[in-house]
Amino acid sequence: MVRLGLVGTGRIGQLHVETLLKSQIGELVGVTDLNLDAARACAERYGVPKVAHDVQDLLHNYDIQGLLICSSTNTHANYCLAAANAGKHIFCEKPIDADLARIDAVIHEVERTGVKMMVGFNRRFDPNHRRIKQSIEQGKIGTPHLLHIISRDPAPPPLEYIKVSGGMFFDMTIHDFDMARFLLGEVDEVYASAAVRVDPRIGEVGDVDTALITLKFLDGSLGTIDNSRQAVYGYDQRVEVFGSAGVLRSENVFPDEVTLSTAHSVERGLPKNFFMDRYLASYQAELETFVRCIAEDRGTPVTAHDGRAPVVMALAAQKSLAENRPVKLSEIQP
Amino acid sequence: MVRLGLVGTGRIGQLHVETLLKSQIGELVGVTDLNLDAARACAERYGVPKVAHDVQDLLHNYDIQGLLICSSTNTHANYCLAAANAGKHIFCEKPIDADLARIDAVIHEVERTGVKMMVGFNRRFDPNHRRIKQSIEQGKIGTPHLLHIISRDPAPPPLEYIKVSGGMFFDMTIHDFDMARFLLGEVDEVYASAAVRVDPRIGEVGDVDTALITLKFLDGSLGTIDNSRQAVYGYDQRVEVFGSAGVLRSENVFPDEVTLSTAHSVERGLPKNFFMDRYLASYQAELETFVRCIAEDRGTPVTAHDGRAPVVMALAAQKSLAENRPVKLSEIQP
Amino acid sequence: MVRLGLVGTGRIGQLHVETLLKSQIGELVGVTDLNLDAARACAERYGVPKVAHDVQDLLHNYDIQGLLICSSTNTHANYCLAAANAGKHIFCEKPIDADLARIDAVIHEVERTGVKMMVGFNRRFDPNHRRIKQSIEQGKIGTPHLLHIISRDPAPPPLEYIKVSGGMFFDMTIHDFDMARFLLGEVDEVYASAAVRVDPRIGEVGDVDTALITLKFLDGSLGTIDNSRQAVYGYDQRVEVFGSAGVLRSENVFPDEVTLSTAHSVERGLPKNFFMDRYLASYQAELETFVRCIAEDRGTPVTAHDGRAPVVMALAAQKSLAENRPVKLSEIQP
Amino acid sequence: MVRLGLVGTGRIGQLHVETLLKSQIGELVGVTDLNLDAARACAERYGVPKVAHDVQDLLHNYDIQGLLICSSTNTHANYCLAAANAGKHIFCEKPIDADLARIDAVIHEVERTGVKMMVGFNRRFDPNHRRIKQSIEQGKIGTPHLLHIISRDPAPPPLEYIKVSGGMFFDMTIHDFDMARFLLGEVDEVYASAAVRVDPRIGEVGDVDTALITLKFLDGSLGTIDNSRQAVYGYDQRVEVFGSAGVLRSENVFPDEVTLSTAHSVERGLPKNFFMDRYLASYQAELETFVRCIAEDRGTPVTAHDGRAPVVMALAAQKSLAENRPVKLSEIQP
């Protein structure tokens, strides 16, 4: 059994705890949190053996092999550096950091120490996205030409969060930037158009809530990302990849498959509304994969470099939006 | 151009007139109707050259090759006999008659005179049903095991019609009996269960409005027919054939493919509601086929025998319902 | 925490063990099995505290409040009697027994001792079936008129199992008989038609593998159950309820929502293929409900009487098939 | 009956002839074509009374009220001017011209003479697009935020055509530019990205075959148009409009609604493949609308200005692509 520690016992942290409860190959030996009461409550609820005083305690005193970093984003880089320095493998929620130089420092330390690092782009492990990826690789649609990612949240996060999140491109589109790379490879140029359509207060704090981003891939294909902070009908997560031999399309996931036809319409209920419900299986498969990479001493499928690239794309999108022009990723430097 | 005459200028008759207007291989040279004013109005509206006094006039004085019989059911057999006797090919709306002896007289005369006869089971020419039929013949589902026909009308016909129609099995299920034979071949035994669920007045005039009929086919497969006089959401016409290698299913036909997702539901509009809208293409293809059979001197795909078999099934279903037991078709004799 | 014991550590038993691992209201304190090695392996794998020698040991020495009976069908009735006699609540996998007199003995003992009993018709807890049930109760389709249950297995069980299972109506249709009652209430009459279409060896051991069963409900509605031992495209589980104000239909559940359009077809993968995958959520919700009924001292939603009724229907279907006539449930007596 | 003349007896011209055959309010009294043999063949086939020597003959000698212009694009403007000058109403296939100054001359003459003019953007009359338009107007999705138009042809036109068509934005995207305006109103800015992905020979003649175009609308909403010259699975025509209260989506139109499930997949056939099949109903409704506007002396729903605007958008898209930057429509002048 792979021995793991966890820092950050919030919503995502607890989800990982639950996944490890059922794992046949990994176990959680200790948790910690800047709020130690929260860490204690989590440990009690799930029967985690130990609560560490802090990350250093967790890294050095419980014989763990890997650290799961689920704390707030501004702590990610430091915890990554500490874990690498202690020779512990790293699973880090996205994004590593909003600052490229700090990400590069993490990458450097990870490479220097030789620990494994995996970044939490869980959607790569979703059955829908994974099937699309596999079908592309199997040549089902020939050469890809066009990509569309629809990614709309059911409701905006609190304004307080938006103020500190780094903006929609960083807290929301970042997943879609990763998905674009996952499906079609490296991007060369970004053009971002965006607007405040959902809530003027989002604009007042300097962010946008609606965006269309055009991507030009290195291989010559083209793509768009469609984002909205508020799809009133629920969490809208769809992908379409069009190629020389066909098209792959994913639909939303619904809690049931029942339709009702009446004198007025043919209707069904709404899609799954909450990201942790919609992506539950992908969070589980993601963590299971990380544990397996340690157990079998294999490379991780989402590397520190994969954690860096979407940040570059987000920075390019910000620049594109500010200057209303297409921006090459090569323009973005630490 | 095949020269045709038409008796019966009601709804279905006019539909056939419109089809012949566009035909490259057939033309309508004369019409008649027991109500001669209706015949004249029809001829004027569509530019039909002649209005005949009656069927004999139409059969003998306009050099027609075939007669389209779209008059009321009780006249079908006599007009068939007259047409055959005059050496004219026959297209007769379903059913030929409700009386087996009269049907047999028609069959005898058709065989004696050698004219072609085709019965108007238009649904065989619907793109959905036809594709299912073809896919079965191509072996796509292997050996058929089970059949379901859902066939529900959007609203009951007028009570006055129900009183004289011969009952639901004759005016409505007759299409489904034909569809069952079309798809899976001859039936050996019928068990009918039925009820009055839609409108008690239908029960008061001695009919049912809701039915489930079990069919045992000669080849050993089993099937059901589901009928209702009233599907409030529109005309419901679906077929499912399950076999050793798969299942074929048809869905209803909609006027558009638009869905609307709101905070309440994902919805679309209702399916096509009117049988002449839903089955427009099948009526056209059916008549075009009849004309082509004359033009190319080929046998018709729906024969007088095909017109007889569903009547036997309807009589068996009536007997089954009256006696609440499965009834062999061999029990039904003229 | 409600303290529970489990007898029978096979496939279903283990599923219940996993559910209890995550439960906030129930815990498994001991397991047993006629094969004690299997019980020990299960306890070790899932960390169950105790392995009892036998059911009596489990009932009397571990302070349990309820017994989960997941052993082979022929042991169900005896274990139910023992549990009731010991004052323990009972969760019993379906069916209680194939013999009505023995079921009645269990019902009598349960009523005498006042323990709670719940029978494992898990499909009632499936999100699809539950939504249909709720929508009927909310009047979404008005008065029900017609019901169709499609219930086809991906592949037949081993012949050895079929020989002892009591026949398809008992081991497979039993779920659909329960579903029919769950959705539309009590049945008055059954007409069963069936055939051997999948594998002649099934016929040689005296069973059928394909069936269409017509149900007449006490309230006047009509229904069919469609069963096949082998749907090559996967587990086919659909329900349709048609009523005066609309129709409810459930579709199969798929592992993903991806479609692929090529030059040949528009296609998607197959539905979930394994019943424990398809009905995982319903098994979990079912057991959670049982535990909650104990914790909150409420009546169970699937009673011993609900366990008896589908057995009556299966016996009626057998009689109907043997005599090729509709059979009233009132003809079936212990 | 409104009396009409037709110039241009090619594919689209013949379709309009067929529509008028069934019209209750309009009739075709004469046709002409630069190729007079083609005009004569058309007249004979459909029974058109007269073949005119040329457009002037048609305009002045047959007492027509309106002229249908279905000839090659380079003749449109001159025929429009001639018709307006003769006081005849104009139905002109899209585009009026590729040159803004010539379009403006037509608009000027139409306004001076007061004739009605309608441009053939038939897709506005498609049941799917029309329902989306109506649903937006009815407020079903609140305020629109985002638009996606997927518009892919089944196969590229001949290279000879591409050389003279004015490029993909003019011969293909022009429909989508109109659709964007039809659904969300005026566009302020265009950013076009495009590539040669389908056939390098298309690039060699200076065109692209794959495009993603971003639109910024005056009201602040954003949109994309996705074009490919070759969707191997057929004609792909979908629209999605996302707004504050929901989303509207249209799916492709299929020739039948049959699915086949086998051991390998769940599949259906391909969507309608040919634009005249897919949009047959819209061509018919469009022409019927034009005739009705004359008969009832009402304004046309697609004006000469509506014919000009998509040309401006196409020119802006060309400029955007050439300069790889967003282009304001106000930059485009005659």
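To keep things simple, chains are lettered A, B, C and D as they appear, and every chain counts its residues starting from 1.
By definition in this document, a residue touches a chain if its C-beta (ideal position, glycine included) is under 8 Å from a C-beta of that chain, and two chains touch if they have at least 3 such contacts.
Computed from a prediction, not measured in an experiment: that's the story for all the values here.
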Practice prompt. Specify the chain most distant from chain A by Cα centroid.
Written response: B
Practice prompt. If you tally contacting C-beta pairs, which comes out ahead, C-D or B-C? Let me know.
Written response: B-C
Worksheet entry | Cα-centroid distance, chain C relative to chain D, in whole angstrom | 58
Fill in: Inter-chain centre distance, chain B versus chain D - centres from mean C-alpha coordinates, in Å
40
Worksheet item: Which whole number of Å gives the spacing of the CA centres of chain B and chain C?
Response: 42
Fill in: Residues of chain A whose C-beta touches two or more other chains
232-233, 245-247, 261-263, 269
Worksheet item: In the complex of these two chains, what residues of chain B are touching chain A?
Response: 232-234, 261-271
Item to complete: Would you pull the chain C residues touching chain B in the complex into a rising list?
Response: 143, 145-146, 148, 152, 191, 193-195, 197-198, 210-212, 214, 216, 220-224, 226, 228, 230-233, 236, 242, 244-247, 324-326
Fill in: Sites on chain A touched by chain C in the complex
18, 21-22, 127-128, 131-132, 135, 140-141, 245-253, 255-263, 269
